[in-house]
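Read from first to last, the chains carry the letters A, B, C, D, E and F; within each, the first residue is number 1.
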Amino acid sequence: MDGMLALYIFMLAAFTGYEIIAKVPVILHTPLMSGSNFIHGIVVVGAMIVLGLAETPLQQAIGFFAVALGAANAAGGYVVTERMLGMFKKKEG
Amino acid sequence: MPLTLATARETADGECRTALVPETAKKFAALGARLRMEQSAGVQSHFLDPDYVGVDFAPGLAETYAGADVILRVTPPSPAEIAALPEGALLIGLLKPYESKERLAALNARRITAFALELLPRVSRAQSMDALSSQGSCAGYQCGLIAAARCTKFFPMLTTAAGTIRPARVLVIGAGVAGLQAIATCKRLGAMVEAYDVRAAAREQIESLGAKFVDTGVSADGAGGYARELSAEEKAAQAEKLAKAVAQADVVITTAAIPGKRAPVIITNEMVGRMKYGAIIVDMAAESGGNCALTQPGEHVVANDVNIHGPLNLPSRMPTHASELYAKNLYNFLSPWIKDGTLAIDWSDEIVAGTLLCRDGATVHTLVKQVMGDA
Amino acid sequence: MTLPLYVQGAWFGGALLFIVGLKGMSSPASARRGIVVAGYGMLLAIAATFLIPGLQNLALIALALAIGGGGAWLSAQKVKMTDMPQMVAIYNGMGGGAAAAIAAVEFAKGDAHGLVATTLATLGALIGAVSFTGSCVAWAKLQGVLKKAWRLPAQNAVNVLLALLSLGLGLAVIGLAPQQPELVIAFFVVALVLGLVVTLPIGGADMPVVISLFNAFTGLAVGFEGYVLGNPALIIAGIVVGAAGTLLTQLMAKAMNRPLSNILFTPMVASGPGEAISGTMKEVGAIDAAAMMRYAAKVIIVPGYGMAVAHAQHKVWEMTSILEEAGVEVKFAIHPVAGRMPGHMNVLLAEAGVPYDKIFDLEEINAEFGQADVALVIGANDVVNPSARTDKASPIYGMPILDADKAQNVIVIKRGKGTGYSGVENALFYTDNCRMLYGDAQPMAGEIIQHLKSMG
Amino acid sequence: MPLTLATARETADGECRTALVPETAKKFAALGARLRMEQSAGVQSHFLDPDYVGVDFAPGLAETYAGADVILRVTPPSPAEIAALPEGALLIGLLKPYESKERLAALNARRITAFALELLPRVSRAQSMDALSSQGSCAGYQCGLIAAARCTKFFPMLTTAAGTIRPARVLVIGAGVAGLQAIATCKRLGAMVEAYDVRAAAREQIESLGAKFVDTGVSADGAGGYARELSAEEKAAQAEKLAKAVAQADVVITTAAIPGKRAPVIITNEMVGRMKYGAIIVDMAAESGGNCALTQPGEHVVANDVNIHGPLNLPSRMPTHASELYAKNLYNFLSPWIKDGTLAIDWSDEIVAGTLLCRDGATVHTLVKQVMGDA
Amino acid sequence: MTLPLYVQGAWFGGALLFIVGLKGMSSPASARRGIVVAGYGMLLAIAATFLIPGLQNLALIALALAIGGGGAWLSAQKVKMTDMPQMVAIYNGMGGGAAAAIAAVEFAKGDAHGLVATTLATLGALIGAVSFTGSCVAWAKLQGVLKKAWRLPAQNAVNVLLALLSLGLGLAVIGLAPQQPELVIAFFVVALVLGLVVTLPIGGADMPVVISLFNAFTGLAVGFEGYVLGNPALIIAGIVVGAAGTLLTQLMAKAMNRPLSNILFTPMVASGPGEAISGTMKEVGAIDAAAMMRYAAKVIIVPGYGMAVAHAQHKVWEMTSILEEAGVEVKFAIHPVAGRMPGHMNVLLAEAGVPYDKIFDLEEINAEFGQADVALVIGANDVVNPSARTDKASPIYGMPILDADKAQNVIVIKRGKGTGYSGVENALFYTDNCRMLYGDAQPMAGEIIQHLKSMG
Amino acid sequence: MDGMLALYIFMLAAFTGYEIIAKVPVILHTPLMSGSNFIHGIVVVGAMIVLGLAETPLQQAIGFFAVALGAANAAGGYVVTERMLGMFKKKEG
């Protein structure tokens, strides 16, 4: 991957992340932390690729480990966030 | 010889207002009119003679009125004062057109052209001449103050070291000009104010002042912004719903009037009997008979430990401002017709025609003729 | 490896949905929709990954997904609401671990990626590993598995040393490509230990901030590994979370009134005993105050002389109206001698248009503080001073007071450290559930209003 | 035999309050005390005898006081009433300790244990017993109402079709409990209020009510929240700055008092001379001599067209609430010492000691002894 | 072509500065700093470009820069403030022209770029060219060079036809690589004509929206050419502007209460003459009302019965305070018969705490409306009805009225089309300088307050 | 350039542009339009490269034209924006 392009993407993504969080009420700090925790669960995709392309048993083992961890990150992160944000439901009527 | 306007001292009992104040005197003078005033005619309103610039002072009634073209008054003239009016002169004031046949006859006998400001049509253009409104404001404000001063309780809520005082409950009946002002005054002082009026539009107006409307389900919109008389059943329905509100009130202020008629009796003897001990009624309609059955005009009656006040001539309690407003009403009424020191009235103008009571020796106002018979 | 367009497109869609979802989560009104949107993004990205041609070990992948995902899904469903924070910690740690593992596999493969990629892989591995063990410790602490604060003699020195060592090993890993297994293993071990050691001494109260920091770490690690894998979806999701998480960590630290460095390097020690009034005054921002009230069921406002001095009554009433529109029950508690004349507060509240039925005196309301989520004390002091109940030496001893301290949370608006009429210190301000909002009452109420409005 | 509390009808001129109201009667009874009251003793405050639950009614003064342990009063007892007091009884009320040597002697002759609520120390705990504050609130509120009712102008600004009314200017001198309440009342009615007090803290308090502070540069903070007396130079400086404010005012309300002394004369003859025509002064300090040189206590004086009102016993104008507050002050003062129907006073308590006027046949309050000599 | 790192880095810096600068420009407080930051970004990017190794024609480049840049710099300095909009138009058009020219050169070179690049190059050329001629027309119209509306018989059909034609030619250019000069020339000609034809019939009042649209176009064109040139700085700057500009165009159209399609395809015709009250009521949003007042020097507020009905007085006073803090002079004009009782407005304003010295009656203030930037009419109707001055048949003829219509701008808050007490229509609402803000006065005032606060 | 990466950049840049403009007061519409007009003046960089690499006189001519236009865009855009925003200066004290 072109390093320069990646840098541009880094910059824009960082800017986007920053903009989204700026001026968030304290009440959302924990859910947002949890939500962003879920989002980096996307690492499971990377782990899947790694495992999918693993060549040795060691690689497979680590890859398996990575996929399981990543999947836990994604699934657990989603459920926890969803449940936390459920609190806001009743008030928004 | 330029137009001469004359103002004598008001002689009616307890009347402290005056029809000419220094400010309007200056303005009339600027229009080229000559002004004559009886000595100390403004003193009860706290306007001293030296305050008037460009006004001639005359020692007595006769000297004041002699040869005047226009007579400015607050109250209707007494027989003696009518006798002093120059024949054919123009008279403007709150002439109580429905009060006395004799007075009308006397005015006509002297061929006085009389304008009764009570008759002023309520069109937009005439609002600045509307003495009923201006004096009604004063009356409503004074009613509120009397109610607060006579009430044996605080109006506002007060949380104090010696306990919490609950706000007084005030009920205002009749939300015309005066009633609204009474509502505003009581609200300002912190009372919980409810109000009632038969006119449907009054609800929004009452609520616009932050007071609560007492809904009785009876509406009585009449012509020209005034209320019509209610039927017997309507009165009964109204009375029932009102009785409840009255029974809860610490203070009841009544301002319901119907022009040219005796004021409706809204608070009956029986309703007074159900009121709280120590409650008070301030009946602003006392002048036209009172909205409370027990009201004695000008007196203070106690019944069942309820104090019923029937104050008269409320604007005279604040003569400085009441006179100022009234004098400006007169100025606004008259000034359009004064040009270069002469009077040129357009008799077909709707305001002029509507207000005209007598002219050329006859009562000309239709409604007054209807009520009083030809005089 | 060039991937088919539909896989890349799906990943792109996933990244887009993440951003949209995260944006949604930043406002209470749309937060729930936000996580659902992000969830679809995740499903899309994972599903597409299966479609990569030539992907092997599909069964293994599915198994790992089922074990990791299924297990986490079930346990997350069951956990109590109060245990949520540690769950966030542990799932976050797993993400970090996954990132580190990806790096490990890449090292194991020994593919030449070029300097930039190797550097990023190593960096990602380092912070991923730190985040992994650190999060595990955070979980253990919050879960109560690890109870006592575990502190080395020269903690900060050890921290720095370990950090330098791991960096050094990392540089070696980068420099000495193709990687030697021993070096790589040593690197990972040190990184994992670093995470442990750094986190162990930190107190439970500071944990949420630390978890947030590790969350940002994991984001960065994922972003870096995304670069290594040439996967922009990972990059974007990771970096967005990294940036958002960093800012969030700062905001959280600020909300706790502790600089981040303080939390990491000088863990709080319990304050010494035996002072007349113990504890510290904890500051709070207007936005926090607004949020606390906005999501409360019941708020009791205690106005005092300061509200009068600031002429804040109109603002206070506006704030009340907004809260009530949002479904919060708000009452005013008037102390008999609040202000400087009998009925002082009544006059002002009436001026602002507060209806009488929201105003309660001490006897009427004192029992209700226990059920209030927030007691908002605006420019009052003596009338909420608990020492009037207990301290016989206090000049206000024996005066009945409003039991604001019984509320779940207390927020006190005042300008500074000024005392009230009686001139005595107020123990309320030092209690655990009390937060100080410093400033003149009028602009402060205004700020709260503004924040309340932005919360919709 | 349980403790007996007795309340007779207040006989002082124009006094409408009562020392026992139905609510406090119930509370005293709950503490096990027996209550006796003269017939119709509450009626002037609009509390009728049937409103009192668990109270014995006695036909006259003698029957009421006979054998009572504690006598609750509003005003100091007259010589005849002192004669009716049971020897050695406990007396609580606003006893005007500085007014009369003879009264003190008469009380001591009957070995009355007398508590004068005026002497109550102003500590936080005593605020709920502070009758000066509770009655001061009533007085200040009434002052505001009197001022508004007597003013010949509107208090609020009004923009009307007949011209704009400028708000009245009210100056309140003395911003203690009563003064602040007067400020609040006039502000509520819409007046432009300025106020002045010698105490430095008053500035912030005045401004907290939305009024303007008149800065004269003189400060006179005394002990215990009361004001100290000013020196001659200070008075002159104060007078000069104040004179200006007075000359601009439509209404001046004065409430400046110094406990145990004649009220300071703040508005001089000359200052009245420079006031507006028709302006009014309401002098709340009339009782202790007046803050205006021309004030006649209880009268209404006109000088230079300025109306000077010296109303007395203002709380009696709103007897229902004034009595309620006062009675609660009494209850809060006495109840801590009543246990199971017996009285057990801790004489070392700072509030008890500070309020105690006479005991065991001697005047014991230090300051009173200083001012009045031993009696 | 691989560029040295310092060039790429400088471009990266430029792009970063653009984003930061644009962000700054989105708030009045930091707007000025924003443009300066963006300016540095531009300098950086241009300077770095000179350092590209192997760049030829340096003298030519410098000359072109001097001519284009210098000329524009000087003319932009000299132009009157009122002529700014057309300057924006012309500079924007030049940018579009430049983008189109870049595409032209690429076509001329005939380099093979691949399908994506060629497509984007063509698309960029098309919209760049349209933006170029369109902006020129916009400039000419605003400058007064082109005076009458130039309208074809079947304008919309012609527009569509030309657009289709240009698209077709574009497709041909893409498909038939390497490009044939004739085709390319035809494509450009048609695109340029399209810009002309589309813009010519649009009226002057709608021009700002159209310019904004072309601005977004140019942004997109630049972004696309950036892709062709492989220059991420161009991509980012172009796309950011494209997105921002698109949103901005929509916002502007909304502020004018006209859907964009309406502006482009059904140009406004002058309304027919001879009605009792001519003109239309123009709606306005709370944010616009807030901005108009926030940047006014003097605002006069005319309250009426509607303010009383809505109990909006407290909000109105809060709004006033905010405006005054921002340095705006605010006065209240009370008509003698506003409301339903003498002094109605006074009672309410006093309740809200409006000091007396801000309240003026008709005689005192009527002369001042001429100097007011904004007259804000809140729930008043009859008292500002100009027909009282002129229309003898009107029931309110002869009543003195507040000359709100003499103010630069009039904003009227009312719930709907309701008449006042007198029941007559109000010509004021139809005048050119009047905008209606529909809604209950209290929430409306609240919205204005919120927007005012966000303007800092 | 990698099309996919470009797409990511497009997406992020569009998001960024949108976020920046959302909720801008009307008063800033014109200055912001002008400011963004200035920013796409960056096209001058592209034009410079094109001219710098121009091979034929035709290309040179068009390139020259492009640079001049782009430079005018940038310079004129800057001055106009700067002058417009100058209006806000006095109010921000």
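Side notes on the structure shown:
Everything below uses one rule, namely that contacts are C-beta pairs under 8 Å (C-beta built on N, C-alpha and C of every residue); 3 or more make two chains touch, one makes a residue touch a chain.
The structure displayed is predicted, hence computed values, not measured ones.
Listing every chain that touches chain B and chain C alike gives D, E. Hopping across touching chains, the smallest step count from chain A to chain C is 1. When chain centres are defined as mean Cα coordinates, A lies farthest from chain B. Over half of the residue numbers found at the chain C and chain E interface occur in both copies, marking it as a same-residue contact. Among the pairs B-E and A-E, the greater number of C-beta contacts is found at B-E. Taking each chain's centre as the mean of its C-alpha atoms, the one that lies farthest from the centre of chain E is D.
Between chain E and chain F the centroid-to-centroid distance comes to 17 Å (mean Cα coordinates, whole Å). For this pair, chain C with chain F, the centres built from the Cα atoms lie 39 Å apart.
Averaged Cα coordinates give chain C a centre that lies 57 Å from the centre of chain D. One simple way to say how far apart two chains are is to compare their mean CA positions; for chain A and chain B this gives 78 Å. Chain contacts: chain A has residues 1, 5-6, 8-9, 12-13, 15-16 touching two or more partner chains. In chain D, the residues touching two or more other chains are 127-128, 133-134, 137, 156, 158, 160-163, 165, 188, 190, 210. Looking at chain C, residues 19, 232, 236, 311, 336-337, 342-343, 347, 350-351, 353 sit in touch with two or more other chains.
Applying the touch criterion to all chain pairs gives A-C, A-E, A-F, B-C, B-D, B-E, C-D, C-E, C-F, D-E, E-F. Those residues of chain A whose C-beta lies close enough to touch chain F in the complex are 1-2, 5-6, 8-9, 12-13, 15-16, 19. In the complex of the two chains, the chain A residues touching chain E come out as 4-5, 7-8, 11-12, 15.
Across the complex, chain D is touched by residues 334-338, 342-343, 345-347, 350, 353, 356, 359, 361-362, 364 of chain E. Touching chain C in their complex are the following residues of chain A: 1, 3, 6, 9-10, 13-18, 20-56, 58-60, 62-89, 91-93.
Within the complex formed with chain C, the chain E residues making contact are 311, 314-315, 317-318, 351-353, 450, 453.
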